[in-house]
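Structures for review follow.
Below, subunit A partners subunit B and then partners subunit C, in two separate complexes.
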Partner chain A sequence: MSLDKLKQIITDVMKEVDVVIGYKQGFDPLHATPCFITKPEQVDQVIWNPLCVQNLASYLTSLKKKVGVIVKGCDSRTIVQFMQEGLIDRSKVVVIGIPCTGVVSVRKVLEKVKHEPIEEVKFSDDGMVIVKTPSGETKMALSEVAPDKCETCQYPTPVLYDHLAGEPITSTKDPQSVFKDIEEFDKKSLEEKKAYWEKEFDRCIRCYACRNACPMCVCQDSCIAESREPHWVSQKSNLTEKMMFHMIHALHLAGRCVECGECERACPMGIPVNKLKRKINSDMKVLFGYEPGVKPEDKPPMFTFSVEEKNIEEHKL
Partner chain B sequence: MSEVGPKELRIVGFLCNWCSYGGADTAGVSRFKQPTDLRIIRVPCSGRVDPLFVVKALLNGADGVLVSGCHPRDCHYSDGNFYARRRLEMLKRLLPFLGIDDKRFHYTWISASEGQRWQQTVTDFTKQIHKLGPLHSGKEAQQ
Partner chain C sequence: MRVGVFICHCGSNIAGTVDVARAAAELRKVPGVAFATNYMYTCSEPGQDEIKQAIKRENLDRIVVAACSPRMHELTFRRTIEKAGLNRYFLEMANIREHISWVGLDKEANTIKAIETIKMAVAKVMQNKPLYSSSFKINKRVLVIGGGVAGMQAALDCGDGGLEVVLVEKSPSVGGMMARLDKTFPTIDCSICILGPKMVDVAQHDKIKLYAYSEIEDIKGYVGNYEVKIRKKATYVDWTKCTGCGLCMEKCPSKNSYDYFNFGVAPTKAINIPFPQAIPKKAKIDPDFCRQFTKGKCGVCAKICPTGAINYEMQDEIVTEEVGAIVVASGYGLIDMDKFPEYGGGRYPDVITGIQYERLLNASGPTEGHIVRPSDHTEPKTVVFVSCAGSRDKSLGIPYCSNFCCMYIAKQAILTKDHIPDSQSYVFYMDIRSPGKGYDEFTRRAQEDYGAKYVRGRVSRIYPKGKKLVVVGADTLLGTQVEVEADLVVLATAVTAAPGAAQLAEKLHISYDTFGFYVESHPKLRPVETNTSGVFLAGAAQGPKDIPASVGQGSAAAAKVLALFSKDMLESDPAVAKVNENTCVGCLKCKLTCPFGAIQEKELRGGKIVASVIETVCAGCGVCTSTCPCGAIQLSHFTDNQLLAEVNAICQK
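After this line comes the complex of A and B, so read on.
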């Protein structure tokens, strides 16, 4: 995909929308940041490389204007899910899709270079990332530092777009192994699983970054994690309250999570928060044959019912 | 006195106003003997039961949670229990993933006339929870 082609598309789209959301260089060479383009001269700021990790579709529900938005394959599922739930007016959104060959996890790169200051980041054509720090150059494969979601990515090409910058690519990842890690984890004993989550959630500092980054968390100021009436979670800093908060997030995303991985990316403590939602998604697939954010005409399973549930059997005591 | 064991455990029951609460009442009026570990919370419909109610109860000291509503197709509000069925099934599959035994949570359908069935369900569920023992150690409960 060429950057010039992307810029050309943005310039064209600019004529019909108020703002285009894209990526620009962030505070250091390792970070990209979202940018809001309202004037033609700002188009030159736009960049595209594997550092463009953010899900820009997250902004759509809070913007009233006509918006053009750049999406990767995974981000495009967010837009489809918004459409299923009637959260956006599709006529006010112009989707610029980018076929994505994988992004990097900034956290994984920083771990590789031992958190040294970054001087330069380069990407070679054969899928290598070259990071320059004061102590020299480190070369790593893109697949080594990819976030977990890229390892099982089924939708490298956006599932929905108005303009596509580049040629569509098809996934080479096995669709059967998408939930392999979840199945593996579920085989562990109850004690092991309990101990795992207690260890993970104990680190939570309740900053709510996972919720704020989540594109599907659309309650905004009415989130029940912060309301006093009803008082679902207190200010106490104990494991029970932390667990409760994460359960609120997981259950409110039941059958809605598009697995963009923004919650895990935003978490400052490195808690695998997406795991709970992926477990629910794997059950949604088994019970209702449903996958969030794929077909705009689908209905999320928790929003509907069928009188005879094919895959739910009555439980006996 | 409890029939199943000397020490009572805490079981929370969410019963729909129209069927299961009536069923429990029928059992009471008919003087069927029941274990006393269950504390009933009456809700307008099983569709009112947010899966978070169950999670909150289990995380904050309950040893077991029972949800009961009208039989499918018999809902007073015509489709509340259909929604409940999907949500509760989702939750039942999620609990073991968190390390909570899914035997601690049960959902079922009991009509207002089924006093006998109510008695059976409460007795069996209470027995099941007693077999599993308390969910929380004393230390956690103090937090």
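After this line comes the complex of A and C, so read on.
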């Protein structure tokens, strides 16, 4: 995909929208940051490379204006889910899709270079990332530092778009592998799983970054985690309360999580919070044959009420 | 806050296996509990007085009664505390009888469980808020589902009581099962002769609106204000034009239609009037057999009809009726013959069911009342009746007795002798159940005066031998095997719930048992009420029942409707969902999940969208509260905080 083509599309889309959301260079060469383009001269700021990790669709529900938004395949599922839930007005959104060959996990790169200051980041044509730090150049394969979601990506091309910057790509990843890690994890005993999550959630500092980064979180400032009425979670900073918060967040995403991984990316403590949600998604697939954010005409199963569910035998004569 | 706790002995029902005095002593230590006592019968008049006096004397403002299920006496005690000046929702009941004393024998364990259960109720009652009901108008029209004898009786009684009645019948004519019977026990009255006038009354009653060949599509609303969608199934005959002359039926070339009314004893025409006394007496086309539908050409009936009533393009029509109460009299079904491979499973034409035999006996039936074998149309000389074909058989999942088979077998044995004087009937039975007025005398008459041979034992096998059928069974009184060479075998097949009973129950929000029969509110004291207020039961939909019992229930249900409609206004239950507009984020998931359509979208002045509950439509099921991600929608009297208080009370470390 060429950056020029993307810029051309943005310039065209600018004519019909109030703002286009894209990526620009962030505070250092390893970080990209969202940018909001309202004037033609800002188009040149736009970048596109594997550092463009953020899910820009997250902004859509809070914007009242007509918006153009750049999405990767994974991010596009957010828009589809918004449509299923009636959270956006599709006529006010212009989707600029990018066929994506994978992004990097900034956290993984930083670990490789031992958190040294970044001087330069380059991407070679053969899928290598070259990171320059004061102690020299480190070369690593893109696949080595990709976030977990890229490893099983089924939707490299956006599932929905108005403009596509580049040629569509089809996934080469085995669809059966999507929940492989969850199936592996499920094999552990209850005690092992409990011990695993206790260890992970004990690190939680209740900063709510995971919640705030989540595009599907609708409650925003009315979050039950901070409410006294009802008082589900107290302000005590102990394991049970932390666990309770994460359980609530996971259950609120049952059949809604589009697996963009923003929660996990935002977590300053490196807690694998997306795992819980993916476990529920795998169950939703078995129970309701439903995958969030794929077809705009689908209805999320938790948005319906029927006395008899096809795959749940609890009310059969 | 000053909580009073009253622990009931319920005679020895509770005190027998729970140390009530110790429980009271423990409860006195709980913070917030100002008074705790135990009493022999709290629900008795002196027991209720004790509560009222304690409220005054101890200055109590919240009351916990630890006794039986709230189903039993919650209303009693709500009234008690209301009389003493408290809001009726400042009462909590701890069920220490059904949940504790009746289920465990270990007194120590029971006592501990009782104490914890009462502590939960104390924690809950301290979170309770005063709630007030509002009143609303009722629509004094009644819907009766099912036009059998029970439903017709309910409709006629309601109509005579001055109410407007909507009667919905699934089949093309009212009359139900009774219209198919030949005679009725124990008087040998002609069934249709006594039912026919009732059917005519239904048709001619100015208060009854009859929807025949129609089914309930959907029911919305609540007691006093239901909105019912009725599907008028396509008959392909314009009933406003049809005069019931029967010319079409005579000329129809499609002669092999299944006859639902006669349970397939003989075929009928694709366009038919089910029986001569049918109400309404109108023709309908069965598209499964009509040549116009199966082959795309015929049109004989359209050509022949003198009034031009035939319309092959007719579609189902949905009509809406508004009513305030519903009587469910949807009747029963019968088990299929294919459940009995040992009796031929429907493969031997001369093994038939009791209801098919009724049609053979009936003068307006396909044989005009001549008993003949379906196979060769000869008169049978030896007829064997097999009772309990499916009934009281756990292996078929039917542990219950079908109620009326013993009696109709005796009747059919008597009628067989009347029709064919040189015939011999055999009845294989498990027990003879004849507990009604004049019933036992009747079964004895069949044996003593009509010579029916009663063999106590079950039939193990039926197999054909030439033109005959060999019935192999046991005679448990003689302790021998018996073989009877029969010309005709009649199976008294088990009564089941009507087909589609469960689906109808879901639409009505009433409960049904594992067999599909509808559950009454109380087996002894509220036999025609359901736990859904405004919905009443009549007839065999509630369980196998004979004609007098069904008629009695029809009248009883009508009396309940008339009593309900004697008021102009009803009080609403304030324990419904409520939206906190400050915290509602307007995601409206609740609106999508609400099974009752009780949630609306509402725009506040600032343009913010929030959910809003229509109080009278809300049934208080709580689906919305578990759907709401931010806890903005709460079920009054069962708020998250009230439930959390209960959980915290028992999960103390």
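By definition in this document, the second predicted complex is superposed on the first by the 310 of 317 C-alpha atoms of A that agree within 3 Å, B and C clash if a C-alpha of one lies under 4 Å from a C-alpha of the other, contacts with A are read in each partner's own complex, and residues count from 1 in each chain.
What we mean here is this: a residue touches a chain if its C-beta (ideal position, glycine included) is under 8 Å from a C-beta of that chain, and two chains touch if they have at least 3 such contacts.
All figures in this text were calculated on a predicted structure; none of them were measured in a lab.
Asks: Will subunit C clash with subunit B on subunit A after the two structures are superposed, or do they fit?
Replies: clash
Asks: If you stack the two complexes on chain A, which partner ends up touching A:Pro230: first (subunit B), second (subunit C), both, or neither?
Replies: After superposing on A, A:Pro230 lies in contact with subunit C but is clear of subunit B.
Asks: By residue count, is subunit A touched more by subunit B or by subunit C?
Replies: Of subunit B and subunit C, B contacts more residues of subunit A.
Asks: Considering only the touch criterion stated at the top, classify A:Phe305 as touching first (subunit B), second (subunit C), both, or neither.
Replies: In the superposed model, A:Phe305 contacts both subunit B and subunit C.
Asks: Quick one: is A:Asp186 in contact with subunit B, with subunit C, with both, or with neither? Answer first, second, both or neither.
Replies: A:Asp186: touches subunit B, not subunit C.
Asks: In the overlaid three-chain picture, which partner chain does A:Cys219 touch, first (subunit B) or second (subunit C), both, or neither?
Replies: second
Asks: Pick one for A:Gly86: touches subunit B only (first), subunit C only (second), both, or neither.
Replies: second
Asks: Just checking: does A:Lys114 make contact with subunit B only, subunit C only, both, or neither of them? Give me first, second, both or neither.
Replies: neither
Asks: Between subunit B (first) and subunit C (second), which does A:Met247 come into contact with in this model arrangement: first, second, both, or neither?
Replies: Only subunit B is touched by A:Met247; subunit C is not.
Asks: Clash-wise, after the superposition, say which stretch of subunit C runs into subunit B: 310-318, 436-444 or 616-624.
Replies: The answer is stretch 616-624.
Asks: For subunit A, give the residues common to its interface with subunit B and its interface with subunit C.
Replies: 232, 302, 305, 307, 317
Asks: Quick check: in the complex, which residue numbers of subunit C touch subunit A?
Replies: 502, 506, 514-516, 580, 582-585, 587-589, 592-595, 623, 627, 629-632, 634, 639-641, 644
Asks: Taking the touch rule as given, give the residues of subunit A at its contact with subunit C in the complex, in rising order.
Replies: 85-87, 218-220, 222-224, 227, 229-232, 252, 302-305, 307, 317
Asks: Show which residues of subunit A lie in contact with subunit B when the two form their complex.
Replies: 185-186, 190-198, 232, 236, 238-240, 243-244, 247-248, 250-251, 254-255, 276, 279-280, 283-284, 287-288, 301-302, 305-307, 309, 312, 314-315, 317
Asks: Which residues of subunit B touch subunit A once you look at their complex with the stated criterion?
Replies: 50-52, 55-56, 59-60, 72-73, 79, 82-83, 85-87, 89-94, 96-101, 106-109, 121, 124-125, 128, 140, 143
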